[in-house]
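In what comes next, chain A is part of two complexes: it sits with chain B in the first one and with chain C in the second one.
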Partner chain A sequence: MLTIGDSQFSSRLFTGTGKFASADQMLAALAASGSQLVTLAMKRLDLKAGFDDILAPIRQSGVKLLPNTSGARNAKEAIFVAELAREVLGTSWVKLEIHPDPKYLMPDPIETFNAAKVLCERGFTVLPYVHADPVLCRNLESVGCAAVMPLGSPIGSNRGLETAAFLKMIIEQANVPVVVDAGIGSPSQAMAAMEMGASAVLVNTAIAASRDPVKMALCFADAVSTGRKAYEAGLAQVHQRAIGTSPQQALTAFLSE
Partner chain B sequence: MSFFDTLSGLSREQLRMALYSTTAAQVEAAIEGEQGNLDHLLAMLSPAAEEYLEPMAQRAAALTRQRFGHNIGLYLPLYLSNLCANECDYCGFTMSNKLKRKVLSHDELAAEMAVIKPQGFDSILLVSGEHETKVGIDYFADILPLVKAEFSHVAMEVQPLSSEHYGILVEKGLDAVMLYQETYDPETYRRHHLRGNKQDYGYRLESPERIAPAGVDKIGLGVLLGLDDWRMDALLMGYHLDYLERRFWRSRYSISLPRLRPCVGGITPKVQLTDKGLVQLICAFRLFNEQLEISLSTRETPSLRDNLLGLGITQMSAGSRTEPGGYVNPAAQLDQFEISDERSAAEVASVLRSRGFTPVWKDWEAGWIGTN
Partner chain C sequence: MSEISLSLNGQLIQVPANASLLSMLEDQQITLDSVALVRAGEVVPKSLWALTLCEAGDVIELFGVVAGG
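Coming up: the complex of A and B.
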């Protein structure tokens, strides 16, 4: 079981709600994924209009909601959205994402840290989306974030774990769960993140934009589960070359002379 | 260096020759190439690329799906005024046209919004003719809070303003500015803009450089396709986009691809852009810039709009009226241009769903005012 804050999750696959063709398709894919934590953008919710095509069906499905601050360009806007989410959705969980760069949606480390600090002080369970920066992750942990969410590659890029070397450092050092978020494009990439020791992965585009989102959600569920089991079983160490026991020029032979 | 200087430094003749002498091999390399390359954009806008529409469309559709998913944003234009102090020969609002001129009062604005809001819209585009003294910064600053109280996302398509005035409007809830150059050819521009402030080609051209620093989130570029050689105009718009993205990285960008439509007393297009050409334009820009928002207005017919959906379009209007007061009183004959797709918002949303898209009404927070 994975524990984040006060909640436990048996599935280590988290999913998103954007980019689906319809609410029905989204619900079917979420069900197939087995995901128990689902993120949704607060900017998409029309609470005034009263006809909401995203929130109501997710609520019915019983999964835990992780409202996100997507669209926020600075700490002030993100904090505003987090407070709004707590007020209208009744959850203090928030996926903190701040991207002032609309092209690649790269997270702003300074604004994210500042917002995380304020939100943690105000009692939120904060899961910040960040670049795979080990020092930033430690700093976010120290101000009270419940988990960190470093990226594998840019959002929606499906390019996989381009930050692998840094993800390994973060996983090695973290005292909070590490959720690899963004850029995971295929089940094999999700499995690789889990084998590496990630606590969970968050996948949206690769499921929602596939030809068959339900089938793809099943594939991701299998991959995440297998990757986790492999990590727990302990992967054999990788060696650069074969280890010979009787080399031609023995360097330690003198010991027995 | 402003974009005016950048543009002046380009040899249009060389670009034109390159466009019309592009080879099949160059088109193939462009389609397979990385995004953001202006030479590739040129190749994809060339006549040679017409033979590659299908592979371009396949790639454009896949890229759009990956970036924007199955979402299509819906917005509506709200015409504030048809007063205009410009004489432009392609536009129904042109000064010399004999039509009833009107500026919406608070009450009339409220009445328009009361018709629009129940249809589901949460993103509005405020449009006016260009009349600096009667419909200028004071009017905009006065009505913006009323509009922002109803719509999370507020865009404007009005005359170019000063950076200071854009800043004032951002504080009151302005999120996006659409400002179309109409044509990047100064000579063609001069021929179509006969009187008024809009004659100042350079001031208009440099407007995005005043809009972005004022903190406006989204900037819309556009050319009126048909005024000049659309391949050249589209290419130079690509140069403009490239210039802006390099300097103003916090802004989002969108483009519009309006084709010259008949209007009262207006001209007929000099260069006809066919449906095939429009498809080529949409696909070329999607392959050039995966993140670019591309909007499609009701100038186009229902069947064409439905077929263009998957290729790269991210935003559509639906059920538009192009005259001030037109939502309350649809019979008024004060249109800026004729619309072709007369389907209601609900009908368009239903078509979107049946074609596997999610109509997105809201995608912004009204509370994000002036904090960027």
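Coming up: the complex of A and C.
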């Protein structure tokens, strides 16, 4: 079981709710994924356009909700969004994300740290989305973040674990769960993150934008579960040279005698 | 009964002078359990909606939940 803050999770696959073709497809994919923690975003309502309430069915499914602060450009805005989310959803959990750069959506480390500190002081369970920066992750842990969520590659890019070497350092040093978030594009990449020792992964685009999101959600569930088991089983050591698996004596040496 | 006007998410609306935030939202057919209300830049907790009266010229913003990663 994975423990974050006061909650336990038997599934180590967390999922986002964005980019699905329909609410029904999203709900079916979430169910198939077995995810027990799903992200949502906050938005100013457009009263003229009406408003598709995705919240009621997600609530009914019984999963834990993780509102994000997407759209916030600095610490002040992110704190405000977290307060809004707490008010609407009745949860003090928040995925803190501050990425003012629209091209690469790189998280702003300084604003994220400043917001995390305030939100932790105000009693939020803070899961910050950050670059795979081992120093920043330790600092976020020291101000009370319940987990850290370093990126594998840019949000929605499906490029996988481009930060692998740094994710390993973060995992090695962290005393809080490490959730690899963003950029995971295939089940094999999710599995690789889990084999590395990540506590969980957060996947959205790779499921939502696949041809068959329900089937893909099942694939991710399997991959995450298998990757975790492989980590627990302990991977064998990597060597530069060959280490034989069969007897190495000269079997046919007698022929040349 | 006299009416006052206020701004709700950028739209000017008319409400009775003694309307609470709660009754204003009900009149606007807002799904109450899925929105947060911000008045003059401050989040007003749900528990205060029934006790807080709308004032002429209020600038009120409603926020809801949408899909996101």
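Quick notes
Assume the second predicted complex is superposed on the first by the 233 of 257 C-alpha atoms of A that agree within 3 Å, B and C clash if a C-alpha of one lies under 4 Å from a C-alpha of the other, contacts with A are read in each partner's own complex, and residues count from 1 in each chain.
Note that in this section contacts are C-beta pairs under 8 Å (C-beta built on N, C-alpha and C of every residue); 3 or more make two chains touch, one makes a residue touch a chain.
Note that this is a predicted model, so its numbers are computed, not measured.
When both complexes are overlaid on chain A, the residue A:Asn74 reaches chain B alone and has no touch with chain C. In the superposition on chain A, A:Glu257 makes contact with neither chain B nor chain C. In the superposition on chain A, A:Leu84 contacts both chain B and chain C. By the touch criterion stated above, A:Asn158 is placed in contact with chain B alone, chain C being left untouched. When the two complexes are overlaid on their common chain A, residue A:Phe20 makes contact with chain B and with chain C alike.
In the superposed model, A:Asp6 makes contact with neither chain B nor chain C. Of the two partner chains, chain B is the only one touched by A:Pro100; chain C is not. When the shared chain is aligned, chain B and chain C each come close enough to touch A:Arg44. Within chain A, the residues touched by chain B in the first complex and by chain C in the second are 18-20, 41-46, 51, 53, 80, 84, 156, 205. Partner chain A is touched in their complex by these residues of chain C: 8-9, 11, 28, 31, 34-38, 43, 45-46, 61-69.
Interface residues of chain A facing chain B in the complex, by the touch rule stated above, are 18-23, 41-46, 49, 51, 53, 71-74, 76-77, 80-81, 84, 100-104, 156-158, 205, 208-209.
Considering their complex, residues 16-20, 26, 39-48, 51, 53-56, 67-68, 70, 80, 83-85, 87-89, 155-156, 202, 204-205 of chain A touch chain C.
Only residues 65-71, 120, 122, 152, 217, 245, 249-252, 291, 353, 356-358, 360-365, 367-368, 371-372 of chain B touch chain A when the two sit together in their complex.
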